[in-house]
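Okay, here's the structure, questions in a sec.
Chains: A, B, C, D and E, in written order; residue numbering restarts at 1 for each.
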Amino acid sequence: MSQSSPAAVSAAPSRPAIRIDGLNKWYGAHHVLRDVSLTIAEKEIMVVCGPSGSGKSTLIRCLNHLEEYQEGNVSVFGHELQRDKQTEKFIHQTMGMVFQNFNLFPHLTVLENCTLGLTWLRKKPEAEARDIAMTLLERVGIAQLASRFPGQLSGGQQQRVAISRSLAMEPKIMLFDEPTSALDPEMVKEVLDVMVNLAQTGMTMVCVTHEMQFARQVADRVVFMEDGEIVEVGPPEQVLLNPQWDRTKVFLDHIL
Amino acid sequence: MSQSSPAAVSAAPSRPAIRIDGLNKWYGAHHVLRDVSLTIAEKEIMVVCGPSGSGKSTLIRCLNHLEEYQEGNVSVFGHELQRDKQTEKFIHQTMGMVFQNFNLFPHLTVLENCTLGLTWLRKKPEAEARDIAMTLLERVGIAQLASRFPGQLSGGQQQRVAISRSLAMEPKIMLFDEPTSALDPEMVKEVLDVMVNLAQTGMTMVCVTHEMQFARQVADRVVFMEDGEIVEVGPPEQVLLNPQWDRTKVFLDHIL
Amino acid sequence: MNTDAQLKRFVPSPARKPKSSDMTILRWIRSRCFNSIGNSILTVLVLGLAFYVIDYALNWAVFDAVWHAANRRECMDISPEGACWAGVIDWFNGLMYGRYPHEEQWRVNLGVILAVAWLLPLSCRSIAHRSLVLISWVGLYPFLGAWLFLGGAFGVETGLLHTVFTSLAAGFMVMIYLNWVLALLNRPSLTDLAYPLAARFTARQTHIYSLLIVWLVLAVISGAVLSQVALPPVAIERWGGLFLTLIIASFAITMSIPIGVLLALGRRSKLPVIHWLCLLIIELARAVPLITVLFMAVTLLPIFLPSDMELNKLSQVLCAVCLFSGAYMAENIRGGLQAIPRGQYEAAQTLGLGYWMTMLLIILPQALRLMIPNIMTSFISILKDTTLVSIIGLFDIMLMARNIANDKDWVGLHTEPLAMISILFFVLCYGMSQYSINLEKRLKVNR
Amino acid sequence: MNEASAPPVRQRGWAGLTSFLNRDSTRGNVIQGLTLLFVLCLIVYLGSNAAYNLDRLGMMFGFDFLSSTSGFDISWSLIPYDPSMTYWRVFMVGIVNTLVLSFNVILFGTIIGTIVGILRLSSNPLVAQLARCYVEVVRNVPLLIQIIFWFTAVFSALPPPRRGYMLGDLFFLNNRGFYFPSPQGDISFFWFLGAFVLFAAAAWLLRRKAQQARINQTGNHKALRTGWLVWGVALVLACVIGNGFIEWSVPALDGFNLEGGQYVPVAFGAAFVAMTVYRSAAIAESVRAGMESIDRGQHEAARTIGFSRFQTLRLILIPQAIRAIIPPLANSWLVAVKDSSLAVAIGFPELVSVFMQTSINQTGRAIEIISMVMGFYIFVSLTISYLLNKYNARVQYKVM
Amino acid sequence: QEKASTLDQVKQRGYLSCVIGNSFPGFYSLNKDGEWQGMDVDMCRGVAAAVFGDASKVKFMPVQWAQSFTTIKSGEGDMMSKGMTWTLSRDTSQGVDFLDTYFYDGQGFMVRKDLGVKSVKDLKGATVCVLTGTSSELNLADYSRTHGLDLKTVVFDDSAVRNTAFFNDNCDALTNDKSGLAAQRSAAPNPDDYIVLPETISKEALSFAVTQNDSAWANIVKWTFQAMVAAEENGITSANVDDMRANSESPVVRRILGVEGDLNVGLGLSKDWAYNVIKSVGNYGEIYERNVGPNSVLGLEREGTLNALWQNGGMMYAKSFR
């Protein structure tokens, strides 16, 4: 369950993990993010929802610089994003990301997927990297599959590997982009359980998802987006059960 | 809402549309359908659910002979399926099928997708075929898109085209294999609405889906499968709300 | 609602085997080959054609063929209708080794055996530095092979660079084999054994240093051993026959991958100069026939290089063939790169891997695997295309075969050598393509 | 994680410079500049070497030789040629012969390849296996060997002119070539051609009209058939009318050879057959790959609608496969043009043979001649890829 | 800048590089052990023996027709001995100097006996197989034009293919240097079915060529050949050369073999240069016999041809060793 104080919910706390300031992004002539401003506190769990094409993925990908944006600022722990080696390095050390379709490396085993970053980037000796990875795989409950290849796993298992892979790099912030939407209904739960656990460890999380159950359970705040704009932000009780805007209500009616 | 009498629910009515008798199927050594027997009455709406890999798709594909089976019988309106031209023809005239990933013909426009069968198989004049197709497209609410190509449509729209394409051939039975699982949450509703409408016209339908809302709303009976076997059959109130078997309950707990 | 306790427990019924099918072979044939009139006619036609071709070929090549004769005239006297294999057999040595001196031919055999043996340890999954085996084969074996084939007193007649690299190659091979033995015995590898030593000098990347230490020590030892060996030198002009064909083909094949990778990456580069340069090279090389490239290499290259540069035809041809096959490979690899979903780049990027690491660790392994069929097809065509070097006068197997017809005893013997090398090429190429299919299937299991 | 927690601050001086150098755009520009410099140096270096070497070897550079008399004969040429003509003419003869050979190879290779490719997917295992054998044998033996094989073992083994095959005293096949009647005199032949083109155009318009009519209202395919019929009739008419103006020269045995008419030499036949067979195997593979690349769902959807195997092939599979097949096909065509250079081995007078061999031998102008030959191939290749890109842009599925 | 003399280059390099072609039976071709053999090959070996005293110090460079001259001009090849016909244009515009003619040949025709052709004049309208890039190709075109024969040529790159084509009756006649015709005839399935027509339509003086304006080097090649002919004139053979050197009284022989005089000084070679030549490759007659004579692949009679010694009515005439 969410452990955050009411203060964290209503306003950004003293040290923001991510600060988004007047973000605008275009694809060609298509304006996909419109003046998005948002502050995410350390240890906060933020759920982003909204209809398809509303710019959720784009937003979250701007946060760790997978996409460039034309206007506005994003800063992570006070460090403003820009296109140079150092920032890139800092960003990728600070943030982990889990994708909708897992994006595991299919030519490496589960274990190798998790140790890759440790051995090549953190320069850990192989044995140590292995221990770290195995601990994480155990935590998500798939240690026994360590020597399989991703193609031999079910979707839920793959997504758990993806989470371990990110966690292995010890990020301070985790970004999730619809981590469960490519999964069979039964597997969704496995992954959500892992995410709930993670939330309870005090990780800062930004999570695009349509799993309202999950949002209600762990989110500190929920953001509802539409057409590249933030329509509503607030604690889940307010946004999900008692929306202020009609658009939010229509959407929630559909997906609940 | 379903209009069927209680009799239709508890036992097969006098004239079964489909009768499955001790169906067994293997993929190599893998036994995917195990002694499946089921009778589907005319105008009945049957929903098949079950965990992934339980053989739902295989079952429904056996019904219209997309797959061959090794043991057992399937008969449609009293015609037993076998590998010959006539039966094939009869089957495909009687049953339409809608696939999970639409399988529209990408090189033809929406309209041509719908008229292709009419002009080439039913030998209808082009103008007449067009009228029929347009009526159907109107019915599913996308008449204005008739001249687009499938690649230019959203998933929900594509699936509606696929339904029209099947309906154009005037089938007596419609088979649906997870018609909504490849769709974005908001688009599911468009397609389900079309299916509900269709159900109300008295079409015989067999539908693999995890949309329990839909099952409850229109199904006459629900079949729950696991490991290639039918675990439970019965009216939705019984199977979905009050299952008799532990496996069913576990599954329903997960997906609801 | 039922409580859990009231629920019936579902136990899946056991899987069983299908009842044996009543399909006999005869019925199967009938249902597949004679199920309609058109199909029946086709079947009969196919059978007739196959019979005619096989009958003719067998008669010519086997039943009416002459295997022993002193010269062509004798062949014709014995059996005018059949093949005269005696000439091919007489020239067998030339076809295989070209002009390589008789008493030195064991070196060619040894070189080929070493090349294969270098790769054998790959069969051991637990061997240390498994990925280095292949890389070293590409990067180091050529030095060892070149020394074997060229000869010369080691360290005296061979150039300094060549000496050093040959020693390194020999050292590496010894290391691979020692590691293999250790791995089979389930003991720690040499690198691990040298680990404490390396740890004294450096704290980070110790395993790399320990690898280097072991390698250098072994290289020095093997260099010392090799320096006792003096192989009589054999000039490149004397290389020929199948040996030369394989040298050219394998050189082109191994070089085509790195060249192709660089060109493909360059072509996908966002930097316009690099992009256009690579595009130009690829498109030009692909637009012209190999023959013209070969002609250019032997006639124009000497004009464009400094006049005092020693060139031999083989190196000119190798340059041409490498450039040519590299350009083709680049297109294959580009196809593979394009097929890798964007998500893989992004996943690598979010892990923090830079451009080169992403390429080397994530993208290229997948792209190459994905393109195995195409890459193999390219390899096969490189092998086939090496026959063209005969047109510009390198004594590869094709030219040797055509030379038989100029021999005193076998004047005019023309078809048989061609038939022989056709069969040889067929076996090689078909073997390669079957292997690639196999490999593809094996790799698919992992997906 | 300790290293990353300190947010970096803007730096000045040396640190600022490194940060400037670290920026992606700077690095990109530096790399590009260096590459450009390297390439330029290379070009200058090679150029100066060439200048020095040419001077040293007393070779000349220039295209003046193109206007001098060649002095050698070319065994077969589609455009008028004799030894008193220039090297430029030799170049043209080579190009025409190359194009004629490769055009025929492309045409027949594509037809045969498509058939074999579809046969490989046949449900009759014998047929499928035979097609497979054909493809495997043909594509695993070097083309050079095949060309020589067809020439020495098959075409040269045809009977000599006096005992050759003939068809109604008009067509002759022997080991010199294939002889057929040809129209005599240029003017009447152009009349014939003109009539043909005119009628073909008229027929095409008619057919197009019919097709439109079909799309607009009428349902059956009668109009379409009429269109084809009109086209056929026009063709026959053109032939008949054209024939009235034309005098035919018919080949007849005279001395050693057949005189009169037109002929294609056996070298052409051998190169043509070998290359067609070789190409058809490659094309068969592309066709098969294209057909197999179509999602299984498309077959299934077609089947559930009730289309027969053949209808599925014709209405669903081929139209989609075409898109996947065209790019490798065009590539194959390109390779066919390039492969035609191998006909040099059996003495077919194509570009490489007459220009890059004989002419270099006679003039010694290697740089000029090789660059002209390469220029030709590059031109062909660019043309084909340009057309391919156009086509690709046209047939891509429309997406949002 | 001044080019180093070829002789110095050769000596420095340690071997002679000799330009030949891929295959021309009798003149240069590979045997099944991969050794080069033939008349041209022996000529080069002779030069190597003269320079180094060791006939094996020679590297053969089989090059395409197209590169023959550039290879010599660029200094890559020291001498060309590839059955090249001495023509004015080649001598003047290709940057090489032609030296002695070591084989007099002429272009001829071979036809099937059953055609009943007795003379080239009867070949009107016939199809002729010819090798590309050779002077035969040009001669043929000339001859056809001057005599209005309207010959059709079929050009080949490879002599083996050309021969097969001819024997398969793809052409009515095969044209080549007469020396080659005999060999080709012997390759026929049934040699008696073919005849060589009497006419010789061209003069083919197969000669050495070396780089232009290097007379020191040219002298060596020239005189090596002269030594071979002179040896034959004087009855020196590889078998008796030792004996002759030791015992011959003839001043000519003694001068040739370097026992007397200092003829070697002008050439810049060792005293026994000519001895080495004859010892290792033999005199001209031996070379002829071995490579193109009646028992060789070509089977050419020497008597009565231009290649006989001048005493026998031929053109082989050694210049004076004095």
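By definition in this document, a residue touches a chain if its C-beta (ideal position, glycine included) is under 8 Å from a C-beta of that chain, and two chains touch if they have at least 3 such contacts.
A quick map from chain label to UniProt name: A, B = ABC transporter ATP-binding protein; C = Polar amino acid ABC transporter permease; D = Amino acid ABC transporter permease.
Here the structure is a predicted model, which is why all the values come from computation and not from measurement.
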Note = Chains adjacent to subunit A and to subunit D under the stated definition are B, C
Query = Which chain has its C-alpha centre closest to the mean of all protein C-alpha atoms shown?
reply = C
Task = Specify the chain pair with the maximum number of C-beta contact pairs.
result = C-D
Message = Measuring between Cα centroids, what's the chain most distant from subunit A?
response = E
Task = Go ahead and note the Å separation of the Cα centroids belonging to subunit A and subunit E.
result = 84
Query = From the C-alpha centre of subunit C to that of subunit E, how far is it in Å?
reply = 42
Task = Between subunit B and subunit C, tell me the centre distance in angstrom, where each centre is the average of that chain's C-alpha atoms.
result = 52
Query = Between subunit C and subunit D, what is the gap in Å from one C-alpha centre to the other?
reply = 29
Task = Scan subunit D for residues touching two or more other chains and write them down.
result = 53, 56-57, 148, 152, 344-345, 360, 366
Query = Residues of subunit E touching 2+ other chains?
reply = 66, 70, 74, 157-158, 161, 164
Task = Could you tell me which residues belong to subunit B and also touch two or more other chains?
result = none
Message = Using the touch definition from the top, list the residues of subunit B that touch subunit C in their complex.
response = 24, 26, 29-31, 34-35, 70-71, 226-227, 229, 231, 241-249
Ask   = Can you name the residues of subunit E that touch subunit C in the complex?
value = 21-23, 25, 29-35, 59-64, 66-67, 70, 74-76, 157-161, 163-164, 167, 183, 186-189, 296-297
Remark   = Counting only contacts in the complex, subunit C reaches subunit D at residues 32-33, 39, 42-43, 46-47, 49-50, 270-274, 277, 283-284, 286-292, 295-296, 299-300, 302-307, 380, 384-385, 387-388, 390-391, 398, 414-415, 418-419, 421-422, 425-426, 429-430, 433
Key: Contacting residues of subunit B [partner subunit A, same complex]   = 51-52, 184-187, 189, 210, 251, 254-255
Note = Within the complex, subunit A is touched by subunit C residues 204-207, 341, 343-344, 346-353, 357, 361-362, 365-366, 369, 446-447
